[in-house]
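The structure under discussion is supplied below as structure tokens; questions concerning it will follow.
Just so it is clear, A, B and C label the chains in written order, and each chain counts residues from 1 on its own.
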Amino acid sequence: MSAALLAVEDLATSFATDGGTLRAVDGVSFHVDAGEAIGIVGESGSGKSMTALSILRLVPNPGRITRGRISLAGRDLLALSEAAMRGVRRTEIAMIFQDAGAYLNPVMTVGEQIAEAIGPARPRDAAARARILAALSSVQIADPARIARAYPHELSGGMQQRVLIAAALIREPRLILADEPTTALDATVQQQILACLADLRQRTGAALLLISHDLAVVAQICDRLHIMYAGEIVEHGPVREIFAAPKHPYTRALLDAILDPWQPPRALVPLDGAPPDMAAPPPGCRFHPRCPQAMAICARTAPPARSFGDAHAARCWLNEEPVP
Amino acid sequence: MTAATRRMRSARAAWWRQGWRRLAANRLSLIGLVLLALFVAAGLAAPLLAPFGPFQLGGPRLGAPSAAHLFGCDQLGRDIFSGVLYGARTSLAVGFLSVGLSLLLGITVGAVAGYYGGRIDDLAMRITEIFQVLPRFFLALIIVAMFGASLYGTIFVIGILSWAEIARLVRGEFLSFRDRPFVTAARAYGAGDAQIMLREILPNAIATVVVAAALQIPAAIILEASLSFIGAGDPTVMSWGRMLTSAQQYMRQAWWTAVFPGLAISLLAMSLALVADGINDFLNPRLGRAR
Amino acid sequence: MSEAPILAAEGAAVRFAVRGSKKQVMAVDGVDLALHADETVALVGESGSGKTTLGLALLGLRSLAGGRVAWRGRDVASLDRHTLRRFRRDAQIVFQDPYASLNPRLTIAETLRRPLALHRIVPADAQRDESARLLDRVGLQPGALYLDRYPHEFSGGQRQRIAIARALSLRPGLLVADEPVSALDVSIRSQVLNLLTELRQALGLSMLFLSHDLGVVRFIASRVAVMYLGRLVETGPTRALFETPRHPYTRALLAAAPSLSRAVAGPPLAGEPPLPSDPPSGCRFRTRCPFAKPRCAEETPDLRDAAAGHRVACHFDL
């Protein structure tokens, strides 16, 4: 196996709160190879956003990364100084968030903010201008000169997101971390953004780690998928395989919940209950209180991981032979 | 009493209990509350606690603190400890009553402006602005000239000068809450404007306002002192402000003339600020610090 | 439909003034939409389409700049206070954001009590029990346990259930649901959708379901109306509209919906959504329509019948 671009091993991030220690991320391991597109899918409280923030070491107070290793092209990111990490954030990993408008400074024009992304010196010469306009064109903005002069509030949500993508990609990072980049946007705009991301990946060869609650979105753009629940990865594998033959009841439930407008409607069989309180997760398999197929052992012991061929694995007692 | 009424009453009691628990969890605000209570008690019990009358002469002029005069005496031989005790009444009365007036005016104008918007808002804001730019002493002098210097006059003036800030705050809060879904839901089930303003929006807006009001009280006390300085204050009541202004000349020789009234103002101001914080905790059922 | 619709917009128009400029935005510009007993109509549109504004206007919560809204045949704007109160009982709303739908300062008991008290649905000493019963009905059991809590103690899905309970407390005939599941997690979404469907059947409710999510729309609606920039572009029975969409915008929406059953997503819709304050002349969709012709800029197409109950606002048969 080629050396992975990003390797996360047994990552754990916790928050100390009045109500106890909240283990938002609890032993997550995965890797992203150069040029790959990986998806992390989960609902609120699954820990997916915190995983991304942990990789960038932007975990908000009072959270702390309590264990694990994160290496980018062999370098241990957790061992770097803050200054070195800032360099990594600027040039090697780009992050795109949900709600683009909140991440744009309302009193600076778009062009100025992209210039900031180029470097702290904020160059104003012709070469810098050309780079800014090129960046805006690369995200399919039709009139880059006009948009560069505009303020964020004058742009639609989709445009704001594309501006952020342009700023993120201007240093040609090797890895793009996108946390729900299209969630607040309309479907037609979402399609544009995804097409834009796909196009950029093709041109720059950057790898993509896409975090979303929307399986269908992830399926469109990613090669491999990780399903997170209650701070852990419960299943991972190639997208097609997971969709064809999911090996975890939660994955199955997520797939069942998809309402496809191209298919006639069918009955929904919802999952009972709600995601657990991360300060006191259920013992054994964390999913067992909601699992329609839970067994006695599920409440006692956490299931081991089992592989199913091409890098497809899941943690579920149902997959163990003989079923205990 | 039906079972339902009993449950409702216990629910209300639970609200108080939970509120107190939240407030009590904030150590500093508890200290503030205790301090405030001490001041109020001191003011109320002044005739009992004070060894002398507030204007009573006869002590050693600029006498240092001693057994007979705990806080020493001022330049006319008046006991400063008694002055501080009686002054507590004046300061608390001025502080609370003037801010009470300012709250009444400010909330009314701000709520109407913020809720209705449009021309009503424009009109209300122009009026507010007029009051914000009024030169304070000029207005005070006019009122004194018209009505004579009196405690209630002072309270009235300070209230008139302070309501504009409250109105702006309240207007901002009402603007922000007016289009929230839960307010639209109330309109959708037929609640009237008054009901919505008072019972849906105001409970949400009140926290910011209470804090601002609590912080206006020390300002009011100091403003009263300034008014006393220019002769617009009530000459028949003792106040800390007046004690401070007369102490200006003697501070260097007799530090006690300034320090004790000054400490009183500072401690009262601090206790009010801490209590304001506690009130916020009491009213706000939100979860604790870290999320 | 022979009987009068429960709620109908006739040429409804809603105008917003943009503060700080002279510009006016016609958020809703001449919409006819009728909701009959026992049906679920979905109003589909993206942001800027005006669907939320139309939903609020239908409930009399936004004033009209033109046209009228009729409740069981009567003009809502001309109702006297007493009848207006009955209207408010009959037509209720559930919002998108469960975190903003409940007054954070009130307990659940108080939130549910107020509409009950205002309309005197039950006498004062029965209000608490009725509130508990409502919570049971929406799946929060035992209801009595949740009454004295505050909204922040509940998850998004639970808050949405409470909001539904509040809407149902007045025993309405019609519910306007404004993206009620868009802000919820996928696994919770299914729960709430099933709840809405079940309640609708059990209580004989009509629903106006606003959404931009076509999968949800196809699941829950019997009729669909598609809105773009303040005007309806296509209406029809759900199946007909999804199987043979006739308007280019409807087709674009379908093409953009992420779906697992289609191998490759089509090319994205070109251009930017026009500003609502400055809509294109003629057909508003023409700036992004792959079939646009000169006529589209000159003449605004009206909804015309294309098939049984299926209407489309386009000059051409596509």
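Methods note: a contact is a pair of C-beta atoms (placed from the backbone, for glycine too) under 8 Å apart; a residue touches a chain by one contact, two chains touch by 3 or more.
The structure presented is a predicted model; accordingly, all values stated were derived computationally and were not measured.
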Skim through the chains and flag the pair connected by the most C-beta pairs in contact.
-> A-C
Greatest centre-to-centre gap (Cα means) from chain A is with chain B
Could you tell me the distance, in whole angstrom, between the mean C-alpha positions of chain A and chain B?
-> 51
Calculate how many whole Å lie between the centre of chain A and the centre of chain C, each centre taken as the average of the chain's C-alpha atoms.
-> 31
Round to the nearest whole Å and give the separation of the Cα centres of chain B and chain C.
-> 48
When you check chain B against every other chain, which residues touch at least two of them?
-> 287
As the complex stands, chain B meets chain C at residues 2, 4-5, 7-8, 11, 14-15, 180-182, 184-191, 199-200, 203-204, 283, 285-287
State the interface residues of chain A toward chain C in the complex, per the touch definition above.
-> 43-44, 142, 156-159, 186-192, 194-195, 213-217, 219-220, 243, 253-254, 256-265, 268-272, 274-275
Touching chain B in the complex: which residues of chain C?
-> 56, 59, 61, 84-85, 88-89, 91-93, 95-97, 100-107, 109, 114-115, 118-119, 125-129, 147-148, 150, 152, 163, 166-167, 170
Using the touch rule from the top, collect the residues of chain C that touch chain A in their complex.
-> 46-47, 155-158, 185-191, 193-194, 212-220, 239, 242, 252-262, 265, 267-269, 271-273
